[in-house]
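Here come two complexes built around subunit A, the first alongside subunit B, the second alongside subunit C.
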Partner chain A sequence: MERRDFLKISAVAGATAALEGCGNPDHQLIRFIPEEDLIPGIATWKPSVCTLCPAGCGLLVRVMQGEAEVVRDGRLGLLKMGLAKKLEGNPAHPINQGKLCPRGQAGLQVTYHPDRLKGPLARVGPRGSGQFREVSWDDAIKQLTSQLADLQASNQEGGLALITSPLRGQKRAIFEVFANHFKKSLFVESAFLGDSVIRAANAASFGHALPPTVDLGQSNYVLSFGADFVGTWNSPVAQSIGFGEMRKGRPGQRAKFVQFEQRISHTGASADEWVPVQPGMEGMLALGLAHVIMTEKLRPAAAAGHAGSLIEGWSQGLPDYAPERIATQTGLQAETIARIAREAAAHEPAVAIIGDAATAHTNGYFSALAVNALSALLGSVGKPGGILFSSAPAAKESGVSVEILASQINSGAAAAKVLLLYNANPVFSAPAAWGVRAALDKIPFIASFGSFLDETSALADLILPDHSPLESWHDDAPPSGSARTVMSVAPPAMHPLHNTRSTPDVLLDVAHQVGGALGKALPWKAYDEAIQASFAALYKEKGTKTAKDADEFWTKAQEQGGWWSAEPNPAPVSTGGAPSAAAKATAPQFDGDANEYPFHFLPFASQLFYDGSLAHLPWMQEAPDPLSTVMWGAWVEINPKTARKLSVQQGDLVEVASPHGKLKAPALINPGIAPDALAMPVGQGHENFTRYATGCGANPISILSPLTVEGANSFAWAATRVKLSVVGRGKLILFGGSLTEASPELEHR
Partner chain B sequence: MSRPAFRLSHYFCVAITIGVAALGLAVLDKALSAQGTNAPPQETSGVFTPAHPTVYEALREFLGIRSKPVQPIAYTHKVHLGNGMQCTDCHVGVDQGPDARIPSVNFCMTCHQVIATNKPEIKKLAQYKARGEDIPWQRVYGFEPSAHVKFNHAPHIRAGVDCSVCHGDMRQQTVAERKVDHTMGFCINCHQQKNASVDCVTCHF
Partner chain C sequence: MAHNWGMVIDLDRCTGCEACVVACHAENNISTVGQEQAARSRAKHWIRVERYYEGEFPDVKVKFQPVLCQQCDAAPCEPVCPTFASYHTSEGLNGQIYNRCIGTRYCANACPYNVRFFNFYNPVWDKPLNLQLNPDVSVRSVGVMEKCTFCVQRIKAGEIQAAAEKRELKDGEIKPACVQSCPTNAMVWGDLNDPESEASRLANSSRATKLLAEVGTRPKVTYLPRDSWHGTENA
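And now, the complex of A and B:
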């Protein structure tokens, strides 16, 4: 052996010796004793409820034994436990019938999110600095209790404010007890894409303050005024199923669907006829259609009943709305209006619905009343193939909006001492001009129950994180999506991963510690007791499951994921009395001078982030938008003609400025948008919302004007005017293709 | 003419080098298994890591070297089976799914709360329970992930294959040992004898 070869051997031997040190025992994790005995490798499917949007779809959660890295009593270790692996729709659930939308599928990532708050926190740095220290649950509850006890002792009016996401069921009932106990509390259910305009209009027209259940499956003609009903509006999964039945479920019969809007939506792209309409003119157009139907005697004016009597000039046949007279204002040709009206009248049952931007103009409430009257005239309200209303009673709203809360606190009219914040992010989802941030700074104590730090919860003094939805009890009564009465209930699908506590349970605990009337108003020890109590009366009702007693009923309801009536039982539509005054058409107001700000600015609900509350889910960030295929960011949609005129290329970074602010985003050329409009998805542009959403894209809400829908307590988020300038080259990531591949004759007008 | 001769000796030396290295590994393996450093659960760092923590681990897998597991408690199958217990009393679910349950310390303590509490190994058991920790049993059988073998117990039990065919006679073992080498030849042989499918995707998917 030569010296050289010996050296080689030594080198290999040395290297192996050096590697000996692997498997350092210091890196070994202890194993905790499992809390449940599961059979490895066997999946079970447990019912749950999707909470990511107000539709309230039923879930089945695939749970399997796995190992999770968890902290217990301050020690890091591995725990064998049942872990949720996949979410699917619950086939037994009447709303989604086994289907689930991509947002719902991504709900799994809420539970395993690396930036989830893992235990209670108390603020240490200045407010908004994001500096917190960990505290024990005992301390956290003691702190909240003492704040509320002081408030109770002071007996001050308007001392308590509550801002929550829209709530239902017993969870809402518990928050409501808190709101009612403290005098003149400000209870806000905050939602950027709220349905309060539609509910107010439905209450006036049909006597039900509920969003409609649209029976698309049996309809023969659908007129949709701006409602993105297969994307995000109302109950999108139920409506997508209905849409499929309408198109393919009846051999030899295919209903026609016409969409009126300014910017082609996910739903508009599926329409037989997509008709551009001037912003805010949807109500006028609906009355134009009604005019044709009445003057051509296709339906009598009286067919619309109470809903018709709400519109000024209805009984005279709406002479002011002859197609020739409204053609210029609506942007449609008179013949088109007349043709669509005749088609709709000839295809029973025909239904008209309104939603999204059409109800977010300043005259959105009037537009909704007009479309309701059209639907009533077509004769499909309360009937198969039309609009139905659930028999479940509507929750009584407080009538306080984020805008009212902020203005009352900022003006000194209310002096809230304690704010309870639950799953709402008003700092992100309200226009800057409302002064939400300034109002929150005036509240001495903010307690947040959310699972994540976001723009609003970062201002909290105390954070008491809730379980993730899969770790929580659920009860829910979705107001739309099914003609049956639906009461969802589900126990937790898995044990909690972190040191979190169910918010309703924390509130019950706090109420009992504060004591007095507050404690007495909430007699239950735990949230599930409250749910069980609310279900006790239901078992005698005729449902899909029969049980011999309340206990068996409770077990069966949990197994099935809820209780639903055996047959469809929509509520009868009330014709109501004569209104005090008929609604008069109003022109939409737009903020910003038309010369300085030439474009209408149309934010739209993102297919992926909904109203922005889902931007923290990486699956949603990386998924391409279904229409434009843009991923990882926000964009501004612009008509090709306008783009040519302003020399805007696809992907150029453009600055969009309104009288209330400006933002930058890359341009996307879209032939399906009006030449005088710019559109932008809502959801990106978070300043502080986990590692995946922070600093990604721009937030269109930040530049909106603070206008309100007349006649309804709601934000007119489609009423801002903007201007546009190119500032450079932007980053636009398209998964594939672009919207301009369509032939030029398909361009808007 | 001297060049080819030099080449030949060069290859010879490389062969010796590999041989010695393999021998070294085998020796090292014995030493390591004696120290009980067999596949501990490691804290995950959350950043990308290659399939093997070290080059050494990769080499071991490539050469098919597996260390002998060292169990934290000198459990004895012999005594438990001798007292009339059945395999499925503890290994629940072996006839239902891919894996059998390894009971948690809670399950052990249902009996050992009162039985043989003065024995040192049972005291160890009680200490785990008192600390709120489960017993960190080491894996005995199993396939390398790169083999892509998906073994499922249930169909084997249903086909009447006795536990001992793969696990040896547990009535004679204390802690479980790898008595049978689960090579592909071993599996195929039995599958052919019993007329079971030998399609690749029966096991590899």
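And now, the complex of A and C:
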């Protein structure tokens, strides 16, 4: 008998003997032997990477000894182990420089969530019934291996589908090997708040298929077309740091920030000038500003270089976009357009950015090209105070979206036999009209690697839950947020609580068991070996000055949370290039007859739930939304005058109907929304997503029309029209401090 | 000279992002109360972001203001406490001794800032959420008032560390959780008795204002109001 086993057994006997008759079952738990040496009460700080959005912020995890109830070898017991207690930003990390957003702060609750899946599960009831039985890891891996081995043997084209969250680094490389090995597989990186429109436009305008790194801290004039850049867009923490600098970081110098959008966003709330614009007219407005700048000879048309040449009529000074001609369509007064254009031209460096709803109209790609041309005309692209592009490798794209995957499967053009699902929830985040649920039902075998049951993973036949991010290895190359080259890496900050396994490790294991070319393409035994290999390559390329050998480079990177270049290292911007076919302005298309459906419907990213993937965290549910102060729910925003006209009171339950569905939510009067628009936060309305999010609020995505952004493979989620009717009294929970106590009978406050 | 802790919040930097609010929950073991209790105004946020709309569409302006315990020098919450649970510490904090508190809630009624919170129930963390608890901060039970402490556990840890190393505390060495997380660096915290500290410098700047200064509470949180663009003089 091993000494450890003997101690375990005597610990069981001792505890039982000493506490016999004690009523509290907690006191009767056995005590496992700790696997790590920790000093009680002393915190250690370990680097990690935040995975809750694509920004890729660096973390420092405060780890302290604690006592966790865990199951080991099938027995419940108490284990003294290092537990993550608090997340802070990593001060050394170039993206977030020690800072963190509210979502990042709540990352702890992902690890400790009571409804996390604690081990592998196999479906027993009908698909979607949520009935699973526990299986061993050996069985689970055997099942997945046999499915993939059968698929390999059948040599069928399009037999494998993969739906993941957007991935980077070696984790993506491992998934990609699977996608490439099986012929014509459908590999989808699914994100409701994806940046594919901006990446496509930046590739066309500037030669970089990357989201921009915005140097707000040194900017003197910021024009933002709908981008919620201090909230959820692109790299919000890096941009918030820059925002603070731009406001009060330079004594005596304060930039002006102008936001154009139809509904005041969390970022628009901090603008010096907030300007409502008609939906889908952002590109036209940008060209109107450019027209003034060129006509008044504040900048020559040629200053915009290649980005300008992409716009029809640019070299002639955009005669069709004189402020007087576009005033009615954009909803701005001609004088306002001219004044803002003159101000921007007079305050170098000035920068123009576009994002969120502005790129989610059907003409969002054109709008992005127009704003890029304006930015180039203002002369700050590739310069301090403007837009930079990092030297990160451009994200590879398979070109397949959830929409394409669903339509191919539903039409029979593709016949996927096996679906690998990882941290994506397309059933929740796709419009009903895409038929995602029906497509998934046609796939005979679905394996999910996620940590929670949600609307999509509940359909899985086999669940192989991943470690939580704090229990996992990380490697990451954030594409924006810093002008320095950043390669994050971090070992696990704590031991796994549950019987979970690292998904990249499981995939490597499965690949080796399937064998053949698949096994050979993945030479590593474990994910950390794969990361180490990529860092060995990075050492040869960049690290020889900072470390004596690849091992030291690797060790240092793990201690620091990654490797980053000492100096800013932005990629050169291509200003030349052959002028391609010039883009012509197109009017935005909206689904729904304007008489029957009088309102534009604007879903917006929630500051707390992001795209809905964080609605399961109680800290996020109970934190008041910045603009509405709503907790634990969703709401429909309506202009006060419109509300008066329709006799809608704050807290009334309203029904919002589009040509594709309807939902109910309480009304919230918002003075910062256009009279012909209704807005709703994305993220609530889960049918199945843990005890905290299930049945809370309504999901605006469910009623969206299935329109696509022209010229880019992306969902036009801001192009639906809706109508509204009052159906009763709703429940709206607003935070106003604790002074006035509400009675439980009150239906709303 | 004893320390005199204070905070400065620059509202021209603040974007109302709520990072401070969640950081505070994580650091200070503040329990969430759930949907039903939240609807009865029993949610606890030691720091909150107040939002003010001005004007009508299309000329709308929004202002954010994070509000936390102002650690007043003439604190109305202190003299009303019958059990001396609310008291003034030697470093200028409005202390709250949880095991003296008998829950009269007089302090909450007296506080003009509405920043004191009552525990209507014993806090519950669905297992294993209890593992997130910070061992440096006591969990408050039913019947007890709680409020912002300026992260007194971090202050004490910093002071002990400096004393052990036989040195003075450095300005900026201690950061409450909200200050540490704030993405726009809108919050600065430090010793107001040290004229060289960043907090002192900003608290004495021409922009400095206090919240409800007219009620005579002498708050130690200073707000620097939202600024506006000064036009072409910067060109």
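Note that in this section the second predicted complex is superposed on the first by the 700 of 749 C-alpha atoms of A that agree within 3 Å, B and C clash if a C-alpha of one lies under 4 Å from a C-alpha of the other, contacts with A are read in each partner's own complex, and residues count from 1 in each chain.
One rule holds in what follows: a contact is a pair of C-beta atoms (placed from the backbone, for glycine too) under 8 Å apart; a residue touches a chain by one contact, two chains touch by 3 or more.
No experiment lies behind these values; they were computed from the predicted model shown.
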Item checked: First (subunit B), second (subunit C), both or neither touched by A:623 -> second
Next item on the list: Check whether A:194 is in contact with subunit B, with subunit C, with both or with neither, and answer first, second, both or neither.
Entry: neither
Next item on the list: Return the chain, subunit B or subunit C, that is in touch with more residues of subunit A.
Entry: C
Item checked: Partner chain in contact with A:41 - subunit B first, subunit C second, else both or neither -> both
Note to self: Quick one: is A:77 in contact with subunit B, with subunit C, with both, or with neither? Answer first, second, both or neither.
What the structure shows: first
Margin query: Touch test for A:114: subunit B only (first), subunit C only (second), both, or neither?
Written below: both
Margin query: Taking the superposition on A as described, I'd like to know which of subunit B and subunit C A:101 touches: first, second, both or neither.
Written below: second
Check: Taking the superposition as given, does A:69 touch the first partner, subunit B, the second, subunit C, both, or neither?
Finding: both
Margin query: Output check: A:31 vs subunit B and subunit C. Expected answer is one of first, second, both, neither. What do you get?
Written below: first
Notebook entry, point to check: Do any residues of subunit A touch both subunit B and subunit C, and if so, which are they?
Noted result: 41, 69, 114
Next item on the list: Would you tell me which residues of subunit A are touching subunit B in their complex?
Entry: 1-2, 5, 8-9, 12-13, 16-17, 19-20, 22-23, 25, 27-34, 37-42, 69, 72-73, 76-78, 80, 114
Checklist line | Residue numbers on subunit A that touch subunit C, as the complex places them | finding: 41, 64, 66, 68-69, 83-89, 96, 98-106, 108-109, 112-114, 220, 230-231, 236-237, 240-241, 243-244, 247-249, 252-256, 264, 266-270, 272-276, 343, 346-347, 497, 607-608, 618-624, 626-627, 629, 631-633, 639-641, 671-675, 691, 696, 731, 733, 735-744, 746, 749
Margin query: Taking the touch rule as given, give the residues of subunit B at its contact with subunit A in the complex, in rising order.
Written below: 13-14, 16-17, 20-21, 24-25, 28, 32, 37-44, 46, 53-57, 92-93, 96-101, 104-107, 129, 132-136, 152
Note to self: Give the list of subunit C residues in touch with subunit A in this complex.
What the structure shows: 10, 12-19, 21-23, 25-27, 32-36, 38-45, 48-49, 51, 53, 55-58, 60-62, 64, 108, 114-118, 126-135, 177, 180-186, 227-230, 232, 234-235
